[in-house]
């Protein structure tokens, strides 16, 4: 779509990818592995991250006048989720997707 | 549910109600009336408001550690949407739902 | 809103209420209780039910020409979720919300 | 993610891409162009399609036991949206994304 400039278009893709990785890993790897992976604090952050990434993508797709504010919250949640996942096994793909999305959202929210 | 305190529980209900009113009116009254009701700036704000209200409700339902930040964005979008709708015909129900939700979210985000 | 007839309006409310109960209990009671409450099959059904209820409500709010099909899937998921929750402790509120929503969606999908 | 087989993984990507194209074009090209692009029947189908694509992706990411039913509804909405968009100017990208997603979902739902 030519409706969005390059930085926004890249951020939409990073958000949709991070939504996919966080929700997919939470509902497969985390649920099936148990232990620290389903500690309420960790699991909630995974689902929060999946949710805010989808919403931030939608706000950019809406050309919302509030997309910077939503990307600011998204950057904060993604950063925290990356740090949390880095402490656990088998979550490297999630750490990478969250960090990439946090950087893209931070660049938009400024 | 007893999992949530009274202020949060009331805010969840205000968010779900505002989601219902904004999305329902946008996709019926606004689309069918046309004119100023589907001006891109107005229509986007209606859809933004429906989206952020659903997400803020979900963050509270998750017991998210980031629910204050999300409620802060929700309060801002709802306030703007109420002001915008107040200029148009037939949107009194939306003005009321947005103001109620903005107040409830602002009380949470503090 | 006067845009929706009584049966659809009641079904929208039943879907939003079931979304709230399923997501809220999954992310608090189920995660905090553990054991059978976070068995992957059960927990996934809770999240599926929360998701499809929100989507069915949105399809009705859109006046979608496909709302019957979506309500049909919603009725099926809600019925299964009610039966699953009935086997576990502390889920009576969820059983009731899922059964009410299943009945309302089944009446729409016919 | 290795959690999903190739056919499901491709379908998740097709759904997320179709969500992006439908929501992005509806809220930019359709709203800004007006006329037939914001006829209620057409615009609702664009938003329905964006919504069901996101939900079908989420059901697959949940490893939901109901993902076939949701992909069946998604295939039907995407097919109708592609046919509708094919009658309008500037919607070729949407036609292509909807057809690809319809085929991927139909293959899953069988």
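Going by the order they are written in, the chains are A, B, C and D; count residues from 1 in each one.
We take it that a residue touches a chain if its C-beta (ideal position, glycine included) is under 8 Å from a C-beta of that chain, and two chains touch if they have at least 3 such contacts.
If you're wondering where the values come from, they're calculated on a predicted model, not measured in any experiment.
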Taking all residue numbers used at the subunit A/subunit C interface, answer same if over half belong to both copies and different if under half do. same
Where among A-D, B-D or A-C does the B-C interface show up again, with more than half of the contact pairs the same? A-D
Centroid distance [mean C-alpha coordinates] between subunit B and subunit A, Å: 23
Which subunit B residues reach two or more other chains? 27, 40, 44, 47, 58, 62-63
What pattern do the touching chains form: line, ring, star, complete or other? complete
Subunit D contacts subunit A in the complex at 1, 3-4, 12, 16, 19-21, 23-25, 27-29, 54, 57-58, 61-63, 93
Subunit D - residues contacting subunit B, complex: 27, 31-32, 34, 38, 40, 43-44, 47
Which residues of subunit D touch subunit C in their complex? 40-41, 44-45, 47-48, 51-52, 55, 58-59, 62-66, 69-70, 73, 76-77, 80
